[in-house]
Amino acid sequence: MTLAKPFLSDNAAAVHPKLWEAMRKADEPDNPYDGDALSGELDAHFTALFGRECAALWVATGTAANCLALATMCAPHGGVVCHAEAHIEVDEGGAPGFYLHGAKLMHADGEGAKLTPQGIAAVIDPIRNDVHQVQPHAIAITQASEYGCTYSPDELGALGAFAKERRLGLHMDGARFANAAAFLGGSPETAARSASGPVDSLAFGFIKNGGMGAEAVIMFDPEAAMQVRYRRKRAGHLQCKGRYLAAQILAMLDNGLWLANAAHANAAAQEVAAGCADRLLHPVEANELFVRLTPAERDALRSQDFAFYDWGADSARFVTAWNTRSEDAVALGKAITAL
Amino acid sequence: MTLAKPFLSDNAAAVHPKLWEAMRKADEPDNPYDGDALSGELDAHFTALFGRECAALWVATGTAANCLALATMCAPHGGVVCHAEAHIEVDEGGAPGFYLHGAKLMHADGEGAKLTPQGIAAVIDPIRNDVHQVQPHAIAITQASEYGCTYSPDELGALGAFAKERRLGLHMDGARFANAAAFLGGSPETAARSASGPVDSLAFGFIKNGGMGAEAVIMFDPEAAMQVRYRRKRAGHLQCKGRYLAAQILAMLDNGLWLANAAHANAAAQEVAAGCADRLLHPVEANELFVRLTPAERDALRSQDFAFYDWGADSARFVTAWNTRSEDAVALGKAITAL
Amino acid sequence: MTLAKPFLSDNAAAVHPKLWEAMRKADEPDNPYDGDALSGELDAHFTALFGRECAALWVATGTAANCLALATMCAPHGGVVCHAEAHIEVDEGGAPGFYLHGAKLMHADGEGAKLTPQGIAAVIDPIRNDVHQVQPHAIAITQASEYGCTYSPDELGALGAFAKERRLGLHMDGARFANAAAFLGGSPETAARSASGPVDSLAFGFIKNGGMGAEAVIMFDPEAAMQVRYRRKRAGHLQCKGRYLAAQILAMLDNGLWLANAAHANAAAQEVAAGCADRLLHPVEANELFVRLTPAERDALRSQDFAFYDWGADSARFVTAWNTRSEDAVALGKAITAL
Amino acid sequence: MTLAKPFLSDNAAAVHPKLWEAMRKADEPDNPYDGDALSGELDAHFTALFGRECAALWVATGTAANCLALATMCAPHGGVVCHAEAHIEVDEGGAPGFYLHGAKLMHADGEGAKLTPQGIAAVIDPIRNDVHQVQPHAIAITQASEYGCTYSPDELGALGAFAKERRLGLHMDGARFANAAAFLGGSPETAARSASGPVDSLAFGFIKNGGMGAEAVIMFDPEAAMQVRYRRKRAGHLQCKGRYLAAQILAMLDNGLWLANAAHANAAAQEVAAGCADRLLHPVEANELFVRLTPAERDALRSQDFAFYDWGADSARFVTAWNTRSEDAVALGKAITAL
């Protein structure tokens, strides 16, 4: 099936040609699992990218990346504070309950699916400090958020300070981290560093950004990283031909492809936004748009071959990708304006 | 790194060109997860292959495939009988404990890492039928076994009857199912059908046989298949670009590539075996050889550029693959003879 | 420490003399675990009480009773709908996450901490029927509710029908089931039968009603009951001197002591209620009162030796017990009136 | 049912009168859970007894005590080395798999069901230090062992040193710790201290020694103790009338009742042993005897009203208790001699 003018999701976009190239090169025989040369290079590349020591492990999905990281900072009897609309709460089929052995997700509110110290405190301050109530162990945020909003360095700094003060781990779901970094930053290094500074771990997404099946779990604590290694195997996520995953990630890092792809998607989103600024439910800071549209208006767009998801009764979600054609984005913006 | 004359493992061999082709074609946009057209074809293809209704779900690893299937037939308070040297016991980092929520692996013995009704009975008959002892719920066998041995149709039939009589589920770890089928069969259909007849589920491996990162969980019970769908997502194994996994598997099934690849690897193993029949620890019925070799002999082989793993103090394991060059296999056989 | 005029909770009240007597008699040697004569009588007694076949297993706490029952009707990848203020959600330290292996509690609203089909539907109807979202498997209600309210036979009937229609299990947390039954019923049999008719399982509480450390898990499905037997052992809840638990429960059933104790507690609650009808947050249908009281008013009561818990900023909770002295209850009512 | 001349097990013996007394006194109202005065005294009493800081928490069963302690020292992806015939492996219905979230029990051998550094090393040294194999995190020993044998201070010291060297936690299942202490020691303090010196945690049993339903989890690390508090609640083991459990334990400690009871049981075992020294399978160092007896001989004993369990085909197990009558023990010894 071919989807014309696809704004359904970036999660089904084609794989970038550079990644195909890199994977084909990985056909050369090497050691299995993560014993190959490519996998061996990951730590160094991400340490350079973030400007601080870290371990980087590939996994096939963001769900696994998030849960493996969270399991290092929340005991089975603890809780993870996340937004009520966070992906880990709403769309991962209960994976945190599985990987964290029954730990509890605690739902905080916040504009644009973003958390704030105040929003988190509103959830955890009423928890009695006794064994009858599950105690919070960690916080999970999403950068960019489920509504395509980004945390500014200041917002992140405040969250980091809050987490530290309350002795809570801080994990970042970065399924669209690249889009956030592209929005926030000038140079990739600065954006990434400021964006990820205070977190203990990051699920760095590549799949929505032109990858095939490789995300990176970035762990800034070496002991926690070792735990992830064991837990990744235990979860059946240590692929024996891991070099094909490493190849994807390295190709993404090469020459800043990850940022370029994200910048492209973000730009396309802005092209759409230009046509519907007055209908936006959230500021467009990454590659997602949430647009007020009646059912009739949505029908009208679909009749023009635009593909997208409904979002509740009176709006729709549009997602751009690394390969969204500028002409399609502009056309969509105009089509909405014309409604 | 290039590995010359590699007999280390089939699990790191290159991806077959036909699969690259199929994956590239999958670049066409389609629905995410398993909503794409390719994923949608799997059930029908495997139903035809096995001659009975089944569901086929892709996952990235054999560990996930085994554990997802086993979790449908063994409650958290139950046990799974497997060989003491089974992969799920020895080499999956405790994955069954994770996926089965603490269920117990019960270790049976048997020649060539194969189970027999007698061997299983020796383990489960002494279990008191009371709540103080974990009760067996399922049996897991490996075809071909961890020592490269195959279960004949008769042996499988006996195990199936035993499992039914004792009301135990029966799962087959088929990481090298293709090699077993190639050894056992004339036509692919017959081999597969007879080999898989009595089992409730099969982890059908493609990765060691020229795949990149796709195995198939074959479930012969529709209700159990539905469980696997939910559990796969929950385990973070539902990849959003699943069509690339489906493409691999379909390419393997196309025109019997899976059997041809396995036949090639098996033939190479026989070429090696021809040179070391007197040193074999197990009959060579698939693509693995376990060969008595002193440390000095192993050194001698390695100095001739043969790569392989030691197996205990006095032997070595050699594995052939879909792309093992006949000249290398013959050379290895001769080199061993010459020792 | 002696607590004068205690309305803190029924969960710390003394053990009823008849139970002491029964436990002392159980000193006679008998088989361990639940192999003793007293444990062996339980099924028959509860089957008679409820007028339908059931299995009854003792455990030491309501938390264990609830979770063992729920685990039979909700898979690890499923969810249990409960009230947002249900004990299993708020006060059991994450026990459902542990016993149900990471299943999710889904929070519904409802007056007086009671669920209705409408309230449940509001939570589960928006759940997409796909693997990305956790699907509901069961409903848990509390009789009497956390606010001391009871489900009438009609309300229970509606919930039972809804559960059946949606194919959801229905569990009743009966920590104060006796108080509910006493409120609802004429004869014990009728009350119990009508009250429990539609549920699949009941955690029948005795501890808050004069017991020491024994609740009964009542399972109306034999296969599920067998599961509870195994899981009880696995959870470390199969006490070796179980006959002392059985003795408590049998003494409670003997001559309707359970209903008499509950009726006494309920009557005391009404005596308090008589003095503060205008301040009640919820109707008093069992042995708990939630009363609007300013901090100053609470201080005034405490200076008169009344012990109780604050309930939020502007109210207090009072609980009566099987041994609450009528004079204390009347005095409390008058003291509140006099404020 | 009355069991005449009962040598079946100490786990079903009557409750000691002093404990009944203490429990009745606990009827005085106090705070629920472990907020009461009696529970509050436990830490100090055990700290004094062991001569080093510890926390002591009551639970209802040894299974819960063992598993709660072990869960603090073994991650879900780790393993616990125990004897192949250890109670946690053979008789706890898979409880360690539940409480440790799927961690693996690793079976070591050793005379009399006792572990040695050599026996443990034989199991863990072959484990490859990679993520494919479960790594050992802890050791669990039983004092007295499942065959009624005790670890001498020297043996314990060696195990403690080994555990420290290998960075493994060391837990002691002390279901019959009192019997071991009585055998090993002069004064209670010395015996207990030397016996428990190197362990990180101890499940200190009282139930088999005249208790009703209270064991003590002794944690020598405060952070681990805090974890046990949360996990105890989560496992449904925080009883609301915990003061009745604390009362049992305090009565046991009072005036050395625990040692006196154990000494009585041990002496009775020696009285039996005197009549069957040549038939003993293991040295009698506590209150259990394993005696070679043919089926006919066992029938003969049973016809004389002796109650006991068969132990395999050709032997039997006899257990004495705090209330075994000396005349019965002597009679049993003579009856065996007379066979």
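Letters A, B, C and D name the chains as they come in the text, with residue numbers starting at 1 for each one.
Assume contacts are C-beta pairs under 8 Å (C-beta built on N, C-alpha and C of every residue); 3 or more make two chains touch, one makes a residue touch a chain.
On a predicted model such as this, the values are computed, not experimentally measured, just so you know.
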| said: Return the chains shared as contacts by chain A and chain B, ordered by label. | reply: C, D
| task | Determine, using the mean of C-alpha atoms as each chain's centre, which chain is farthest from chain A. | result | D
| When the C-alpha atoms of chain C and chain D are each averaged to a single point, how far apart are the two points in Å? | 34
| said: Taking the mean of the CA coordinates per chain, how far is chain B from chain C in Å? | reply: 50
| Distance from the CA centroid of chain A to that of chain C, rounded to the nearest Å? | 43
| remark: For chain B, residue numbers touching 2 or more other chains are 76-77, 92-94, 97-98, 101, 131-132, 230, 233-234, 238
| query | What residues of chain C sit close enough to touch chain A in their complex? | reply | 76-77, 79, 90-94, 96-98, 100-104, 131-134
| task | Using the touch rule from the top, collect the residues of chain B that touch chain C in their complex. | result | 33, 75-77, 101, 131-132, 135, 227, 229-234, 238
| note | chain B contacts chain A in the complex at 1-3, 6, 8-9, 11-15, 20, 23-24, 27-32, 36-37, 59-61, 63-65, 67, 92-95, 97-99, 207-208, 212-213, 230, 233-241, 243-245
